[in-house]
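Labels run A, B, C and D following the written order; every chain starts at residue 1.
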Amino acid sequence: MIVVIKPVSSQAKIDDLIGDLADRHVEAYLRPWRGGRVIILNSNDEGLKQWLEQAECVERVIPVHHSFQLASRAFGRESTIVDVNGVLVGGNDVAVIAGPCAIESEQQLLDVATSVKKAGACMLRGGAFKPRSSPYSFQGLGIEGLKILKRIGSKVGLPTVTEVMSPGDVGLVAEYADVLQVGARNVQNFPLLKEVGELEKPVLLKRGMSTTVEELLLSAEYILQGGNSRVILCERGIRTFERASRNTLDLTAIPVCKELSHLPIIVDPSHATGYRRFVLPLARASIAAGADGLILEVHNCPDKALCDGPQSITPEDFSQLMGDLTQIVKVIGKGIQRVSG
Amino acid sequence: MIVVIKPVSSQAKIDDLIGDLADRHVEAYLRPWRGGRVIILNSNDEGLKQWLEQAECVERVIPVHHSFQLASRAFGRESTIVDVNGVLVGGNDVAVIAGPCAIESEQQLLDVATSVKKAGACMLRGGAFKPRSSPYSFQGLGIEGLKILKRIGSKVGLPTVTEVMSPGDVGLVAEYADVLQVGARNVQNFPLLKEVGELEKPVLLKRGMSTTVEELLLSAEYILQGGNSRVILCERGIRTFERASRNTLDLTAIPVCKELSHLPIIVDPSHATGYRRFVLPLARASIAAGADGLILEVHNCPDKALCDGPQSITPEDFSQLMGDLTQIVKVIGKGIQRVSG
Amino acid sequence: MIVVIKPVSSQAKIDDLIGDLADRHVEAYLRPWRGGRVIILNSNDEGLKQWLEQAECVERVIPVHHSFQLASRAFGRESTIVDVNGVLVGGNDVAVIAGPCAIESEQQLLDVATSVKKAGACMLRGGAFKPRSSPYSFQGLGIEGLKILKRIGSKVGLPTVTEVMSPGDVGLVAEYADVLQVGARNVQNFPLLKEVGELEKPVLLKRGMSTTVEELLLSAEYILQGGNSRVILCERGIRTFERASRNTLDLTAIPVCKELSHLPIIVDPSHATGYRRFVLPLARASIAAGADGLILEVHNCPDKALCDGPQSITPEDFSQLMGDLTQIVKVIGKGIQRVSG
Amino acid sequence: MIVVIKPVSSQAKIDDLIGDLADRHVEAYLRPWRGGRVIILNSNDEGLKQWLEQAECVERVIPVHHSFQLASRAFGRESTIVDVNGVLVGGNDVAVIAGPCAIESEQQLLDVATSVKKAGACMLRGGAFKPRSSPYSFQGLGIEGLKILKRIGSKVGLPTVTEVMSPGDVGLVAEYADVLQVGARNVQNFPLLKEVGELEKPVLLKRGMSTTVEELLLSAEYILQGGNSRVILCERGIRTFERASRNTLDLTAIPVCKELSHLPIIVDPSHATGYRRFVLPLARASIAAGADGLILEVHNCPDKALCDGPQSITPEDFSQLMGDLTQIVKVIGKGIQRVSG
């Protein structure tokens, strides 16, 4: 259960409470939470709850029957809206993030960014550090890519998202990007999760190829309990026996996450399907299933892409998709998130 | 490749051709196809093709690079529309099939059938023979269930679909139902597939829990090559490591099937998700992804259902869903299939 | 729980008991079991148990906390030994079944049978009805194959095992073979399971590609509750994302089955791995893990096999394997089952 | 393909060659390899090969048809033997590594280490940094654990292995342990792989829950191409739909790895099965399948373990297992690796 501490509480009172819990052999984790503080307990004991509710510094006590406590819907009755420089993810409007898999050059990114902004994207994606199965594949432009991303994002007026792969790079990447992405392969890279949990920046957390929804929420919890509550979940397909698509997109994860957690969830149909001709139908389906947004790979010349060309759609495809989405969101009472300017 | 025989060809000419193929050590399968005949060859040899094109009884020769030849898009450029007593599946309108998991009584089926028809369903489902993991679970009403289904379908004016589990029951079930369903557990029950391939009735073929799309189409091919071209495919979730839902609905299978085959494909979000609160979002997503229809479990009192209550939606949920779908289909340029009367 | 009826009980007394259970709204399944009778209840209620223990015709009541009641270890404390014409499966000796995937001709089967018998096999396998993904693949010799199997089995002095795919063929196959195999694709073909449950012959039940151990035991239960207790389970690999082998052999299923059930379990490393060079190490591993036997595909000329050649080992490989096994079984205190004569 | 450079080659000659390759638009990766140097090319062009074979500084050119080039069997015809302070992994003797999941205290580790050494273990395992799904689970003793591990390893005379989770910790962990383990969750943590690739210490690389054998070998390649050729692979179960065991141990991976690679492979049946009663049969099976060793969780009081108690075996179980293994290895012509002293 989660113990919400009264804002005005003195440190001494809190220390006393922690001490009392230790005397009762209850593991207690004091953590910052949205300007205040909470204590997380590995227990939902009713007697303990009643005792805590009498404590002077306690505002209220919330029983949580999942290990992902801060991420749970029981704790966060209101859905979290993540604000990325004014672009909202998780609110009433669907947020569409687009851009190339890898940043290849200033011109390439400028072309794609200009196209996707025009078509209605509200955020720009682009990889500078690329996780590749083979050491002999293109590994990304690194810091040079980060600089390009920042310049182009600023030029076209879109907030940016890019992947960080190592705890040691978190500070660097945070200097250049507006949202830090933790990729599917790092979903249980706990030192990395802890590091981005210290940030004041939003984190896009992708589900791993064999991660259950419960584990995804536990990984989100690693970030939340560090004090960073600005987590956006991302479904991107899981690994199954089927080979007609690169992965199997699990859209049921959307209503499941909505039920279990207050965090927003978006979908990456590009990595999920692996082939551009399947991206549009699955993008439409994702929004119809209730996703808070999409992250899409768009390339102005997919056949020449240095990375994941086969799954990148063209700016023309993207534009058509935005038209479709504008109509679908109405059915479920939503709109499309636009970036001002 | 597939050799289409000229309609007027004499049996002698065809026999000669088959004989010539045998002399060339080419396996040849002569099969009925939509009033005419085709020969299916396990070869796409260019020389052979040219030679065949010269033969008197040959209309044309179509190279097919998949083992599911009759089911392939290469063979059937035009999408197949399956006509079930005037209700069309696979055309421009989305077909929604609804009804209880199991037929429990005349009154129960009448109540559900009346509700779903009113809300816009165009076909009635209901199980009489139920495949259950445990021999000590309710196995269905059997022939009594079939009779109820026929009476109620006729009374409310909806064509009916029900499962057949054994080759020996095919004739019996075909007497009572308009569409025969081959369930997920029987997707590679080849004697059953061959038996329904002899029918003049539509077959609803469900994907198995661990069946690839390619294998599903090969199973369809077993039916098609028996002379029955009225096959409706059905995605109903595959088995993965994730346990938040009963199965993992693979919506990518929809555009994959559309690309590889001319057969219509519908989706069963009830069995896929296993929980009624996930059925509506996934039903919407299925249609947005391009499915030709849905098959849904609806029960007037899900908590008392003898089978699969937790995944059955209420008539009220169903009615709400039909409203949503009416709007979503417009986005993709479709309508909703209605039953006349 | 399972109610064991006293052997001498009159039908009237049993009918009374069943009637009393009905009055108490308890589902009760009266079934034949090894010459006697049992009643299976979907309940482990302690009060009910005590009441039943007072009933005149009740010998004892055994609580079972799995749905596979007759198959459970709780019911069968002693491991079942299946006797196939004197060849024992499930006892102290490991039984090795070998033969070609498909019966192709009298000579082919004679050659393989002679070789494998000489090397120490105690049973002959060979397919007459072959379940093939494609309708254009070799489907087996059918009844002609059954006749060959019977003649060769008799000639070389080995009991035989062959697959049955359809309830309607069970009687026919039982005339010719000593053990009826239910293949992986039919593991939940319930009408077929019920049909072989009526037999007096042993059944080899293969696990399906996506069947859990629990479901496998429930499928066995379908056979057992029909009165046939002579079931041999078979692990043959499950379907996963890994493609280096045809399936993923799940050897943990062996100790799991031994813990949950009294039925013997053997392993098919040929279908599991799909490549002959992996068959020997996995065969050795299976026995080291405690399997009661093996079923192996052996072909005198694998490259010309009409079915599954790549996974068939040669008689020479087989002979080497038998030598290895002879030593491994000693480590776990077992021997090799030999056929007399 | 891999170009092996003559040991005496001048840097200028090598630079010329690299320059020529660049002129031909061939990607070339110059890497240290066992005291010499190699160039790895993303090409197996026959003309290129012939041209390279004429170059003065080239010793030989080896075509490799897998992306994991240095790890491939085509390159390393002789199996690699990894020397850990005199303990050999990958040679004729099977190496058994044992110890607790987590280091809990000096006394706990001493007790376990003493027991397992006495029973025949040749290396001591113990976790100081623990990757846990939940942030509220025991995370390991950290650096204090490393110190205990080093002291106890030295005291009982066993080399040690422990996990490293972050690139920033590699130097620290390498100070204290003899083998660095990269865990399943980090199998595609490429910055970590690159970091341990710079080390002069052996690396134990565990397969991920959804990693194919090919991807595992590509991850090994990341380490090898950094100059560290002392990689030990470890199969520890993959994630499937089956829940009777924690993971599904894929023993076929052993002969697959032996065929594709020259690196040694060991098995972790503790994490694979998740229950101690399944560990012994699977450990025996692993060795019978040809594994080069085992890594096992042993705890003197499993019920009180702070981590993974249910899968830890007792010292008594371990001792019995070593007895079994001593016999099994003889069957396949191997012995048990002992530590001197």
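Here is the rule we use: contacts are C-beta pairs under 8 Å (C-beta built on N, C-alpha and C of every residue); 3 or more make two chains touch, one makes a residue touch a chain.
What you see is a predicted model, and the numbers here were worked out from it, not measured in a lab.
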- Least hop count linking subunit B to subunit C through chains in contact: 1
- Which neighbours does subunit C have in common with subunit D? A, B
- Larger contact count among A-C and A-D belongs to A-D
- What whole-number Å value describes the gap between the mean CA coordinates of subunit A and subunit C? 49
- If you average the Cα atoms of subunit A and of subunit B to get two centres, how far apart are those centres in Å? 38
- Find the geometric centre of each of subunit A and subunit D from their Cα atoms only, then give the gap between the two centres in Å, rounded to an integer. 33
- Item | Residue numbers of subunit A (touch at least two other chains) | 210, 239-241, 243
- Task: Write out the stretch or stretches of subunit D touching subunit A in their complex.
- Result: 27, 29, 40, 42, 67-69, 131-136, 165-169, 185-186, 188-192, 208-210, 215, 218-219, 221-222, 225, 239
- Message: Quick check: in the complex, which residue numbers of subunit A touch subunit B?
- Response: 210, 212-214, 238, 240-245, 248-256, 259-260, 272-273, 277-278, 281-282, 284-290, 324, 327-328, 330-332
- Query: Which part of subunit D faces subunit B closely enough to touch in the complex?
  - Reply: 239-241, 243
